[in-house]
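When the chains are written out, they are named A, B and C in that same order, and each has its own residue count from 1.
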Amino acid sequence: MLKVKNVSAGYDGIDVLHEVSLNVNEGEIVSLVGLNGAGKSTLLKTISGILPAKKGDIYFDDQKVTNHSTDSLVKKGMVHVPESRFLFPALSVKENLLLGTAAKDNKFRKLKSDELFNFVFDLFPVLKERSSQRAGTLSGGEQQMLAIGRGLMSNPKLLLLDEPSLGIAPILVEKIFESLLMLNKEGITIFLVEQNVSISLDISHHAYVLDLGKVIMSGTGKEVLNNPQTQEVYLGGF
Amino acid sequence: MRKLKIFSLILVLSFGLLLVGCNSSSTQGSSGADDPIKVGYIGALSGGSSTMGVPGKNGIQLAVDEINADGGINGRQIELIAADDKADPATSATQAQKLINEDEVVAILGGPNSGTVKANSEVIAQYGVPELITIAMNDTLIDPNSATFPTTFRMTEDNSYDIRALAEFLIGEGHQNIGVIADNTAYGQSGTESIKKILEEKGLNVEIAVDHPVGAKDLTAQTLKLREANVDAVYVFSLGPEGALFMKTLKQIDWKVPVVGGRGLNMKAFVDLAGDAADGMILPTVINPNKPEAKEFIEKYDEKYNDDPTHVYSSLGYDSMYLLAAALKKSDGEGGDALIEALESLKDIPTVTGGMDHTASFTDDKHNAVNENYIIFNQVKNGAFEFYTDEVESGWE
Amino acid sequence: MDVYGQLLIAGISTGSIYGLIALAFLIIYNSTQIVNFAQGEMVMVGAMMTFFGLSFHSFSYLSTFFIVIGSMIVIAFIFQHVLVKPLQKQGASMFSIIIGTIALGIVLSEGMGLWLGKQQYGVPPIIPNNPISLGNITILPQNLLIIIISWSLVISIWYFFNRTMTGLSLRAVSISTEGAQVSGIKISRMLAIGFTLSAVVSGIGGLLIAPVVGASPYLGLSIAVKGFAAAILGGMGNIYAGMIGGIIIGISESFFSFYIPSYAEAITFTIMLFMLVVKPTGLFPEHS
């Protein structure tokens, strides 16, 4: 579903990624792990068209989409839920969700009864309770749910998730990962960047390890999790 | 760096545009016997006052073309060099310097704005070059006690001349308590002071004077104040747009008060904006459509330029140039003291402006050209200026 | 006749125009943080194009309306593609862009002056100047039209921003560009809509004011100053508050002109200055 081939990218003339290649197959959950500064977020941004790729190619659904605009990629079914979430704090939860449908050029009124709303509200019932509350008043975990929910409103095939567990209470982290598994069962492919290596590798079909902008290891989630090197570097060596 | 380049490009572009139309051609060179005689004109060729400044220049140019076709000044051609002061006094002074030092003009024709003429006449006086004011009306521009007096002359009448004539008109109509409306600039306020002084000298009572900023979008408050003061008639010294706004407000509050106005309201913009709201208003003007010379001028001017519906400003430019040419013929193209002397000896030069048989004269202590038979009155009718009367009680002291 | 009522209606009418300019100004400010110093000149272009259509070519008011709207769309395009986009692409600071808007304003004034002449032109009113009586006060049809159209525009724009997907998306862009981007909103299209909306509102302001004060290439500044003042008084973060700010300024000018004539403008701006010190976020700071 997603193929990254020899992609280099970075900021202001400094390359953060060096010829990264990886695959995400349809229906899978794939994790990308690595230390801070390894280039994980940079890779997600390059895939979703926020950052330009300087070299290499990106394919989505066998279509070359290198340096396509973010909105056109959302239209094609690829949604990026960024690390900083970038919600609209002054707008209501419902309005935030509505904006997730922007790429689809739908009419405002019709959308209010969209079944996608019900889908998101079933997944995260707390969002339904707070639908008229401003997004800025939600807790960290609820904001993460809203960010994922907003992404789901465009009915995506592929979710790019950047650090969904960051700064969130452990109970909610579990809740969020449970819902990711549910989404995956619904047929949504997930490419996950996560610091919380054990929980993410646990649910992943495949995983890649990124170090200083290069893929240094790949395999099934279990393989990577059980690799001694991973154990030492990411899990404090137990 | 590239953003800087683009940015400076935008700046340069905009300044370039600012400068376009600022200078007309300037030619260098010393004057010989066959070279053209250079005459300068400084006036607003851009900005709001260009409604007066541009027709003024075109009127001068029309006269120059006629004089040149007719053999020029004792065989020499006249070359007009027009400079734009944008109605800004500082620019006007700089333009005067440039005309004198670089273009070496023998005389300068002054434009429509009193403030800029005041500024440039001080510079011009320092060089001993004569200046003939075409349109600007402020009383103090020609002041025997001023250092600029020896070099400064004026074709048009001054403000007090018009105010005296309107005062006589108001008396004739039996009005006693008068209200004044003017803008809050130096122009408006000095006008208000003159109106107060002269009307009271004539035994009228200025009950109230109200002011407003230039570009005012509403004059309801000022109009209501005038009405509360219960005046018999209103003297409008404001310029076109605010004058029109005042007339519309009168109509709005249905106050049928007689209104007289300053000469500055003789503009198309005024009647366009006021529509029929200005009907009945009396205002002084310098061009009498029943006078054959004026008629002929109007035809000639409209054929060539057609940018001055009231012909006030173009005809003043035209008359000024003929007046100057008469003096240049006497001085044989010489400038300086010879030209000043020639100007002061001009007697009974016919003009297209003014009443029937009006002639212009200067002496060594009279630097205003007009005589007692100068202005006439127009009345606004159906949104247009119409001749009202040329039996105007003299504004002459 | 009632002096108070008459002053009040005059204040509301001029205030509505100030508010309309504030509205146009705040649409751009709230979607891009750009302080558009060419706003007054956009109004000027609207007024000059009204003159161009009505007096220059004797077109009908309806054709003139479309000429004004058309030219404002062109201006918005120039604003985005000649000024803002190239500067942003070069990574220019907001300060450079704001100075750029000043330059654009000058170019518009001088360009309009070169094309149509640097004069003060008169423009006939949309409806003849026959006063309408409302109880014991009277109003000119043109002023009534100004009030009605200004408020209809504010209400339409409120509707647009709160009840349409495009309007909501535009608000989203103003809150978080990145958020809008990952939501699949096409930022450049939104900016084009925002700039066009602002320019069109300015143009309609010009169309409405031309029969009152005439048209000239230099009328922008005096109008923009009052529009900015209205925006600041109402609260820069609230698109609609500028309208309230405008009405307050209009009414205070009207009453002070009557009671303390020569100081009306000074007092109005002193109140604004005082407000800025006491409540820098304006009267209605709420982020819309």
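Please note the rule applied: a contact is a pair of C-beta atoms (placed from the backbone, for glycine too) under 8 Å apart; a residue touches a chain by one contact, two chains touch by 3 or more.
Chain identities (UniProt): A = Branched-chain amino acid transport system ATP-binding protein; B = Branched-chain amino acid transport system substrate-binding protein; C = Branched-chain amino acid transport system permease protein.
Not measured: the values here are computed from a predicted model.
Least step count on the touch graph, subunit A to subunit B: 2.
Distance from per-chain Cα centroids to the pooled protein Cα centroid is smallest for C. Counted by C-beta pairs in contact, the busier of A-C and B-C is B-C.
Among the remaining chains, A is positioned farthest from subunit B, on the basis of C-alpha centroids.
Note: centroid distance subunit A to subunit B, computed from Cα atoms, is 74 Å. Taking each chain's centre as the mean of its C-alpha atoms, subunit A lies 42 Å from subunit C. Subunit B and subunit C, compared by their mean Cα positions, are separated by 35 Å. Within subunit B, no positions touching two or more other chains are listed.
Contacts from subunit B toward subunit C in the complex involve residues 2-3, 6-7, 10-11, 13-14, 17-18, 20-21, 45-48, 50-51, 54, 184, 210-218, 220-222, 224-225, 228, 240-241, 244-245, 248, 251-254, 267-277.
The touching residues of subunit A, counted against subunit C in their complex, run 48, 50, 69-71, 74-75, 79-82, 84-91, 95, 98-108, 111, 150-151, 154.
Subunit C contributes residues 163-165, 168-169, 171-172, 175-176, 178-187, 287 to its touches with subunit A in the complex. Across the interface of their complex, subunit B is touched by residues 1, 3, 6-7, 9-11, 13-14, 17, 55, 83, 86-87, 90-92, 96, 99-100, 103-104, 106-107, 110-111, 113-114, 117-125, 128-129, 131, 138-140, 209, 211-214, 216, 218-219, 222, 250, 253-258, 261-262, 264-265 of subunit C.
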